[in-house]
Each structure stands twice: as structure tokens, then as C-alpha cells.
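Naming follows writing order (A, B, C and D), and every chain is counted from residue 1.
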Amino acid sequence: MAGNTIGEAFKITTWGESHGDTVGVVIDGCPPGLEITRQDIQKELNRRRPGQGELTTSREEGDRVRIMSGVFEGKTLGTPIAMMVKNKDSRREDYEDFKDIYRPSHADFTYEKKYGRRNWMGGGRASARETLARVAAGAVARKYLSKNFNLEIVSWVQQVHDICASQINVDEITAGDVEDNSVRCPDYKAAQKMEKRIKDAKKEGDSLGGVIKLIARNCPAGWGEPVFDKLDALLAHHLMSIPAVKGVQIGSGFAAARMKGSEHNDSFIREDGEIKTTTNRSGGIQGGISNGMPVIAEVAFKPVPTINKPQETLNSKGKKVTMAAKGRHDPCVLPRAVPIVEASCALVLADLALRQQAIKNYHK
Amino acid sequence: MAGNTIGEAFKITTWGESHGDTVGVVIDGCPPGLEITRQDIQKELNRRRPGQGELTTSREEGDRVRIMSGVFEGKTLGTPIAMMVKNKDSRREDYEDFKDIYRPSHADFTYEKKYGRRNWMGGGRASARETLARVAAGAVARKYLSKNFNLEIVSWVQQVHDICASQINVDEITAGDVEDNSVRCPDYKAAQKMEKRIKDAKKEGDSLGGVIKLIARNCPAGWGEPVFDKLDALLAHHLMSIPAVKGVQIGSGFAAARMKGSEHNDSFIREDGEIKTTTNRSGGIQGGISNGMPVIAEVAFKPVPTINKPQETLNSKGKKVTMAAKGRHDPCVLPRAVPIVEASCALVLADLALRQQAIKNYHK
Amino acid sequence: MAGNTIGEAFKITTWGESHGDTVGVVIDGCPPGLEITRQDIQKELNRRRPGQGELTTSREEGDRVRIMSGVFEGKTLGTPIAMMVKNKDSRREDYEDFKDIYRPSHADFTYEKKYGRRNWMGGGRASARETLARVAAGAVARKYLSKNFNLEIVSWVQQVHDICASQINVDEITAGDVEDNSVRCPDYKAAQKMEKRIKDAKKEGDSLGGVIKLIARNCPAGWGEPVFDKLDALLAHHLMSIPAVKGVQIGSGFAAARMKGSEHNDSFIREDGEIKTTTNRSGGIQGGISNGMPVIAEVAFKPVPTINKPQETLNSKGKKVTMAAKGRHDPCVLPRAVPIVEASCALVLADLALRQQAIKNYHK
Amino acid sequence: MAGNTIGEAFKITTWGESHGDTVGVVIDGCPPGLEITRQDIQKELNRRRPGQGELTTSREEGDRVRIMSGVFEGKTLGTPIAMMVKNKDSRREDYEDFKDIYRPSHADFTYEKKYGRRNWMGGGRASARETLARVAAGAVARKYLSKNFNLEIVSWVQQVHDICASQINVDEITAGDVEDNSVRCPDYKAAQKMEKRIKDAKKEGDSLGGVIKLIARNCPAGWGEPVFDKLDALLAHHLMSIPAVKGVQIGSGFAAARMKGSEHNDSFIREDGEIKTTTNRSGGIQGGISNGMPVIAEVAFKPVPTINKPQETLNSKGKKVTMAAKGRHDPCVLPRAVPIVEASCALVLADLALRQQAIKNYHK
């Protein structure tokens, strides 16, 4: 009802305001016997962390995860896995100036309308800090998928502002390729331009949008639940719930709108004894169910609303005010959002894997 | 778990294969005392029905809805509202030829991988016939929203193939404008071109994709549940679960990726005593919660995979075959999908309205 | 939220007022490939039907089930199984006298307080007619459990008023034994006394309570989900939701309150290579999880509130009135409640079987 | 699916093995603006804590709760409230002897059958330590109910072994009366006998069962959701999920089985302008919905299985062994279970209050 739980078989519940005591997550439904270490989780959190390079905010969060239950002698027990990260002490004075201001395109106004009050020390639950919980849970989902299905999830920055990557071989790109530069774009020429564009935006006190592309390989055919919990529908739900996301497309996406059926249809063929499709405009999903081809999606992020340029807006009394964000902010969240997008995909797939597992022995 | 239920407070569960006995829906959670007639439902089903004009398939389905519970003396009781539509008798011989064929970009292959078997007489649950149940439930949601909040949902065909509507005033367009032509595009010049393009595709035995645009007006601020059941995330989930949908965007959508924060941010202003925003790139949603501005979304549909042109594919033994759909098929589902998109929006908003209602008296 | 759905993996949603158009159920999550016929369902409905003998009400309901989806060529598809039974036309005049009366210990008053209105033609959703939907769904669950696990569920009338069965060998009793007499008590001497007591109550225009006992054999060890969806907790939930139930106990039940640990503990032993317990005070459940021993429960029913004796009560204007039920009513629902109790047990076990199936391959 | 979440509108998710790092809970759905302090929670945890007196185990757990989110400046935000208690360091050697033993009537065997492994250092999730999370969440639910409805929940020890309280005026008993003696039985003569009986059991190295009785006053009419989430059904679910509970009864309970309708029915009367019933055999619930009278339930606890007397059982290799628990154990958990029973009741009622709130303005 209140929206802090997602998933059915691999279910997660998250908590934590950006400047509250902790941010955390409970995973319920992770199968027993999976090897998991604190480092498996920490590694993903580090990829999401600000302050990894010059391109992101220089606030050092140092998010050290603590596993609070569900793992015993290095393996999951089948019981809930709770994890948390302590927040740094917030300085009240950093936020007091904005306490009564509805920052443009932030959630200050909507939270007040919804709840009658809000934690004005930062963005509360609307802050991207919340995604830390998803990334921690996603790391467990990922390990489960990798170990049991050899399933592999890779995503990268495909576009920043109007610079689009063009030299990427989707079928061969690896996680290592993505980590090779700080903008997480494996088309190195595009990456250099993106870096420059981000630095320029930083100087201007402005921010930039972009697109992240996602691929999941070795996803078995048969995952996804008709008619509402289709694989594409759950991906759309999960990805659209990431802060700043404004669009999601699967396979051919919006480009499909301009196509004819004879151009768009993926024909089945047999290759090495396996049934595949010649093309993959379906993005690995037909009728909401995986068909064994790579699952492919793209996610559009708006430019983050926090900018240092002065803006006009209202305060909570309805009076006009001019404001400018202080301090250092991420001019472009795309590089840090890569592990968040991957975590979302892992969470959806782990959930659907278990749901399919529940019925699959009865196919007779 | 098995994915045929969606919503929490205004929850629907649907059933029915395209050529089974019936297709139906149970609504659980509709508040008591709402006036509802069979005609309220039938009206929306008629908009979705094939055979409305030359542009859609000429199969006459004549879907007459039956209300099986939950309404007494013209008003809802608060108990489950079950509704169903009887399927026409299917002729086994119409489908026998395709019984063992994996039609390209259909769900035949994935259903078999998932369940080990399928109802090969038509598309089963993957058929667009399933959406009839959503439209019936959406009609109830819509009435509830209209009566209690004066909330208004309008959607229309924005694009067919490469023809885009350009003369539409989003703020003023009405349901009547949309119904004025058979392609449901209220830019009349574009509509004429779309009609011609659809007829041409029909002649070619091909199909066309397109885009539907959606607006919901008078949505109160405060609807949407952080962090997973954000209004935009639920919309994306619901819309992406409609057959043939490949992309969903909210407000600025993918265009946001090319923008700077200073261009994208919506400033708050006061107008007639109310807080509004000068622009609406947020699409009426900030931090996943409605802000009182119109909710705006766009949905991309692929060209439907059923085409009369011959195509190569495999049968279930893995042997190559050439097939061509027989009979008359919708070359472009967009006009008929308009009420489906509206129903999805109504179902999401009714659900979030009740969820907000559960907590809103406690803001003190 | 509105409570007409239960179960997670084997989930059911029911609809229907006692004198509305139909009563029905959707099962979501039944695995594909299970053989199921209309007769499998009808057989259980017939056991629940009134008018089976002299002991129950002589209204003939003739509840003929219709399978509306999810079964194709004699087997389940994995898609939702919807079933319904048409209600007989109700005669408005039969109920008009009680339209404004709060019948003692009925739900007339509470439904009005909850919903502001109610279907006064009969008991609406509070009527035992609703249980028809559970019994239909339970028949499918039962078939699934029987076919896949050889699991067997038997229940019987253990007590009517102050007459208790004493000559029943719980380990050996069969479904056939139970069906052997119209009171469904396999202790034949007790059964004769019960029959007489029920006939006497009928003559007096009164009603009688009683107890039903339940056993499930061949339930594999490992079913039940800590900590809230324990097997015993789900059984208690399901059984307590049956109209007129006032108490549920598992294994030793309330008698355990008077025992010492040294008397109550069930010791593990090895028998024919299998681990069993010497006694079964746990009722087959330890820590909320089945241990492989028979699952045993007892359910207390109050005497139904509809009696022909005159009673004082209030009408909806708060005025005192004297009323007496007209027509013929079941003086004791216990015999007809036997299939309802069994259905509840089957629904709980099928749900937990699938939930366990989702994780059980990962025990390594 | 995995059973660690309960409730829909006021939903809780718990985590933690008895000897893991922490035990905790997330509440999702608590309305905003509720005043809550750490002390509100701690007070209830202290009542549940062992080592309160001579009658309970003398292990000092000192469970200090930490509120990790959802409360800001003394009031709830409407966002998830996460709370945790750190476990004391467990000494591996305390448990190593029992590592491979299936303790009689414990969950060692069933957890291994379910998950293939278990945390053998204590009872894991089957330990009563898990109830700490429910009590913490229940304290918040209780405060919400008390502040908004003046609702009052009291429970007490009604029976220990064969000693039953008889001098209790259910209508007038207060929380203070219950706390007046260490056995939490407000019939002081019975309490003295119970105390002696418990001390004797301790000396014998044995344990005792008993019964707790529960009353909730000022529960508004209209709470409870037909047909599966009836107030009595949810109470039964919640209470039966408490470790060691074997039976639950509502109002007249099992005694109803011996009654006639004419004896059992509660007649409606008008008193001080309000509609009440002359008797309350319904336990405040009719048709699964509260009727405004006190909600009354009883819960049977088995004697805890941990006893110092030697017992025969098997180890995980199937070999016979004789074992005796070491150290000090609670011979009777009833006094400590009183706050657990109250918390369960509070959680059920808060959930149903919000669910009713979602629809109640529409009764027109």
C-alpha cells in the first residue's frame, strides 16, 4: 500500500531518509545456500558512490554496508537478509535555508501535499540516496542469477545531453569495458566528449540528462508472468521508479512506432540446436515472457533539478523567492546510475526466476 | 505470483483466453455507493471493439458485458464487482494450420517454454482480447474518479508510422474531439494521412506501429507512493503490460535526455490562489507524486506481428516453414488502443486515490 | 486490501452476493498440465450443497459449476481458472420483511456500518453461499496435491452440540467412511445421536454448534513460511474466515495449555528409514513448518444465528422489534461444512507447496 | 511469498535470527504526523524482555531499540519506520553440542527439511526472539489506535497449566491491573498459585502451557474485510503465528460448539443512543466485521519444548541420542507473551483501520 516493497518471490522492502539515521533493505525470498559476502555487496555500492572521480559530486559518503541477518557461515539461510548503511551526520544548517522553499522539479511540494510534512534536511525518500538500498539488494539478486543461470547484466551510458555513443557492439560489451572510463561509456571517443560536456555543465552550474542502455544475457526462455507481471512491464515499473527517470523502452522501443510489421518481426531460426531469432527487435521478450535472446532496454534520465544557477520559485507561504543550490552537486548522474539500472534488472529477473521455478516441474 | 492481478486498493484480477469460454475481471476495493450501470461499462467496451470502421478488423465480436456481482439497485456495494464477456464460438479449423508454428514476434514460443503447453486456438492470454477485461474495470475506475474528483482522462493517436499529429492543443482537447474521426487523432489533417497510410498497409498485408498520448486533468496533488509505487512507475507498469507496447515516457520523456537542468526545471508560481508550475516537463509528477498539474504520458506501440505477407519461421519441431496470416486483421491497433490506455490510467489513479485516502486524515 | 483474495502462489479471488447474479472464483497460479474436469469440481460442490438429506435445509440450489477459462483439452494451461455458479432468481418479497432489521448475530448491522449500505436480499457476502467459491477452488487444489504428492485430506463432524464422537481412529479414517452417513460423523453411534439432536433442534426452531476435525496425510516435510505464513497460521486464517467459525486449534490445541513440556514434546524416532515422531501433539507442524506427520486441526462452529424462534432485536431506526426467521433453515451446518474445511486445507497446502517449490532446488 | 511480511495498509516486515547480528522490523504505511518516541517502543520491549523477575529466564538481553528511519522531529513522516535491536554476542560453544541434534518439538528438523541448512546457534527465526520485532511494531500501531480512536488493548494470563483465573471483570480490567504481579494475572489468588506452579516446574526442569485472554475496547464498528480478511481471521492468523501457540478462539470460541442458536445469539439493544448487544458471545465481531462491542479472544500456548529433563531424540544422522537443555530457560512464557499478544492485536486493528479509512468517505 505505501509503496516501499517490490517483488513477490524475491521481495525487497527499503527504508531511510537521505539524512535520517540509516538507509537499508530487507530481502525476503532469497533461496538458501547462496554464497554471499559483505564484499559482494560493497563492490556494487562503491560503483554507485559519489566522489569516485572528478565528474561526480565530491561529497564523500563512504557507505559501508552491514549485513544484519540471513547469512550464516558465508551462505544465505533462506531467511530475510537485512542490510544497512549508516548516514553521515547531517548538518542542520546546510538545509535550513531551503526549509520552506519548494525547489523547482524537486519533490518538496508534492511530499508536503501528500504527507502534510517532510524531512526538510535533504530529499528524504525522494533523494537518490534511497537507491543505495536497491543496489545492495540487487547485488544479492545478481549473484543468485549468475551462479544459477550464468546470467550476466551489463549497462552503460549510451547518451549524455546530445552526445550519443555509436561504436558499441551490444553483443560483446563486458562489465570491464564499462568500468574503463569514469563516464561509464564504452565508446571511448563519445566518452571523451561526454566528459568534457559534463565538466562544462559543472562550470555553468547546470546539469545534464542522458540515456542508459541495458543488456541481460543468458536469460532462460519462459520468465515473465502474463498478463500484468510481464517481464517488460516489471522492468518498466522498476526502472521508472528510479529518481529522475522519464522514459523506458524495450528492444526497438519508440523506434518501433515508425516501423511496419514486416520490418519489425523477429523470425525464428535454429542455431546450434537452439531456437533463436534472426533479429532482436523484441528485446528478448515476446508476450511479456523472455524468449532466450538478450533482454535489452533503454532508460531516459532528466537532468537533475539541483543546479547552482539561480532560479525563481515559491516558498511554502506562496511567496516568490530566488534560490540557487549551494555546494557541489552531480551535474550528471548517469555514470553513477549505471549500477542502479543493473540492480533493478537483477531484482526483476531474480523475482521472475523464482516465480517460474514454482510451477516449472509440472509441465507434463 | 502468476501475474493476473494488479493494484492494491483498487485491485483487479482478470481471466480468459481469447478463444476460451469467457473473458472477465473482478474488481476488489471499489468504494460502496458509486452509481454504475451496465451501459457505463459497455460504452467503453464498444470503443475498444473491432469492427467499428473500415480501419480495423471486420470480425464482429459484439462483446456484451454482464455484471455478475457487487452492484445492487444501481450502486456499488463495496463488495467485488465481477464482469464478463462471452467469447464467440471459435472454429477449431481456423487455427489448426498454425497449431505447431511459432509465429514471428508472437508469444507462441514463449508460452510453450513457460507452461509446456498453450491454447493454440488464438493467442490465449497473450491476445489483445485480454484487454477487454481492463477496459471494463477501467470504466468503473473512471466513473469513481470523475464523480469524486472531477478527474478527466483523454488520450488519442499522436503518431501512426511516420505521420505525427502536430496541431493538437493538449490543454483543451476533449474526449469528443478524439471520437470525431475513426483514427482517433484530433489533428484532422494528420488523421486523414494516417487513415490513408493504414489503408495502404492493409492492402500490402502489412501492419503499422504508432504512439498514443495521454492526459489526466484535475488529478489532485499528493497521489503516488514512494519509493516503488510512484505514480509514474505504476503508469509505466500498467501501460507496458498492454500487448504490443514497447516504450513509455512521462512528461518530457526521452527528450529530457538532451536537456539541461536550467531548461528542464518547472518553476512554481501562484495562479488564482493555487500553486502551479510555469511549464510541465515533469508531466504532473515530481518525486513520483502528482503535483496537481496534468499528468502526461506517451506510449509506443510496435506494428502488430500478425501480417498477411508470407514470413519464414520455425514449427515446434524446429523445422523451417513459411506462413502467412489468413483472414482480416487489424493493420494498426492504435485507434482501438486509445480506450485501453485510458483504462490503464484510470486504474492506476483510482488505486492511488484510495491509497492516499487511507492516510490523509492524519496530517496534523 | 478489500479482502476477497487469499493465497500467494496458489491465489484465489472470489465474488458474489448470495442473491446476486453469480458466485464465482478465479484461481491464479495453478500449475499447467493438471488434468481437471468439470466433474472434479461439481463433486465437491454437491457435497456442500443444501438439500442432500433431511438434516439440511430443503432449498434446492442445484449449483452447477461452469469453468470459464484456464482449462484446455482437459488440462490446466497455467493461466487463471475462473469458475462460476449462477444464483437462482431471488424473490424480493422473501426478504422485504427483514430489509430494515438487524438480525441478531448476523452481519446486517456490521455491513451497514462498514459500507453504508448492503444487499438486503439475503446475507450478501456474509452468507455461507460465498463458501461455494472456496469449495470449487479447493477441488482444484486438492487434485493438484493428490496427483503430485499423493496428499490426502479428510475431515468429519467430531461434535454436534454436546455429543462428541469417540470411536474414530484418526490414522485410518477415509473419505468413504465420512460419507457413509448424512451427518458426516464416522463414529456411527455418535452419528445416530447427532442426527436425533439435529432433528429435535429443527422441531424447536433452533440451531446447533459443533466441531469439525481435519487431517491431511502425506504432507511432505518443509512446507510453511516463517515467520508470519506458518502452516498453522495460514490454516487458522483460512478456517477462521469460514462463516460461523469461532475457534481453531492445531494438534493438541487448547489441551496443550494444561500440559507440561515433558508430556507434550514429540520425540523423533526412525521408522522404515524415515524420521517420524512417536506422538503427534504438534499436529504435524513444528516452527510453523510441516514435519511429515499428519497435519491435524479442529474447528469450532457456533450455532447458526438464523432460527425460527422469535427473537428481540432492533431495526435500522433503532426501534425494538420481534422477529422470527421464516421458511426452512439448516439447524446445523456442520455436515455441509465438512467439504468447506477440506477445501480451506487444500488451498493452504497447495499455496505452500508452490512457495516451497520456488526455492527448493537451491539447497546446496 | 517467504512469509516475513504481514499486513496490507499497516504492513510490517521483520528480520533476524536469534543469534544473528540484529533483529528488526520495517513498518510501511504508518500515517504521518503521529508523535512517537524511542521510549514508546522501549516500554513495550521491556515488558517482553526476559529477566524481569524470578519467573522468567535470567539471561539479560537488555534489548535497546534504535529507530533508524521514518520519524523526524518527534513525529512520523509517513515513510517506512525501521527499528532494530542488536543481539548479544553469541557464544558458539553454548550451542555446539546441539548442532546436530533434532530437539523434540523444536524446529531444527523442519528448518533443515525446508532450507537444507539452518543457523544452529539458537533457534534462528523460530526462536521467540523474533517476536521482539512484532512488539516494537505493535507499539507504534498501538499509539496510532490510542490517539485516533481512544482504542485500548489489554491482555493477561488467564490460565497456567490447570490453574485458571476466575475473578476477573473483563469489562473493567486495566493494563495497570495486569502489570501488578509478575505472572501478569489480575486474579491475585490465581496469580499466587500460578507463581508457585511455575517455580515448581522450574525446579523439576519442566515447562508449562497456558492461556492468554485479550480484550480491545473502543474498536469502532465497521473494521474487517469480507471475506478472507475478516477481523477474526486476521487475528487468528497473527496470533497463531506466535511461537508455541496451538489454538485461538474468538468470543464464545469452542464453548459455542455446545450451544444452541437461541442461547448464543447476541440481541441488539439501544443504550445511551448507541446500538449495542445485550451479550457479547460474538466477541465484538459479526460477519468478520467489528460491531463496536469489545473484541475478545483467547490464545492457547503449549509448554515450551526446551526443558532440562533428559529426553530421547535423533541427531541429523538418524542416530538415537539423549539430550537435556543446559542453562536457565523460561519454564512458562505466558507472562512475557502478554505484550506479544497485545502487539498482534494492535497490528491487525491498525491495518484494518486504514483499510476502512480508504473507503469510508464514499458511503453516500
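Criterion: a contact is a pair of C-beta atoms (placed from the backbone, for glycine too) under 8 Å apart; a residue touches a chain by one contact, two chains touch by 3 or more.
Please read these numbers as outputs of a predicted model, since none were measured by experiment.
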Farthest-lying chain, centroid of Cα atoms versus that of subunit D: B
More contacts between chains, A-B or A-D: A-B
Distance between the centres, which are taken as Cα means, of subunit C and subunit A, whole angstrom: 45
Between subunit D and subunit A, distance of the C-alpha-averaged centres to the nearest whole Å: 39
Centroid distance [mean C-alpha coordinates] between subunit B and subunit A, Å: 26
For subunit C, residues contacting two or more additional chains: 1-5, 8-9, 14, 29, 32-33, 78-79, 114-117, 125, 226, 354-355, 358-359, 362-364
Subunit C residues touching subunit A - in the complex, by the definition given at the top: 1, 8-9, 29, 31-34, 78-79, 148, 226, 354-355, 357-359, 361-364
Interfacial residue positions of subunit C with respect to subunit B in the complex: 1-5, 8-9, 11, 13-17, 20-24, 26, 28-29, 32-33, 66-70, 72, 75, 77-82, 84, 114-119, 124-125, 354
In the complex with subunit A, residue positions of subunit B that touch it: 1-6, 8-9, 14, 102, 104-107, 109-111, 113-117, 123, 125-126, 130, 159, 161-162, 201, 204, 206-211, 221-230, 232-241, 243, 245-254, 256-270, 275, 277, 281-283, 285-292, 300-307, 309, 311-314, 318, 320, 355-356, 358-359, 362-364
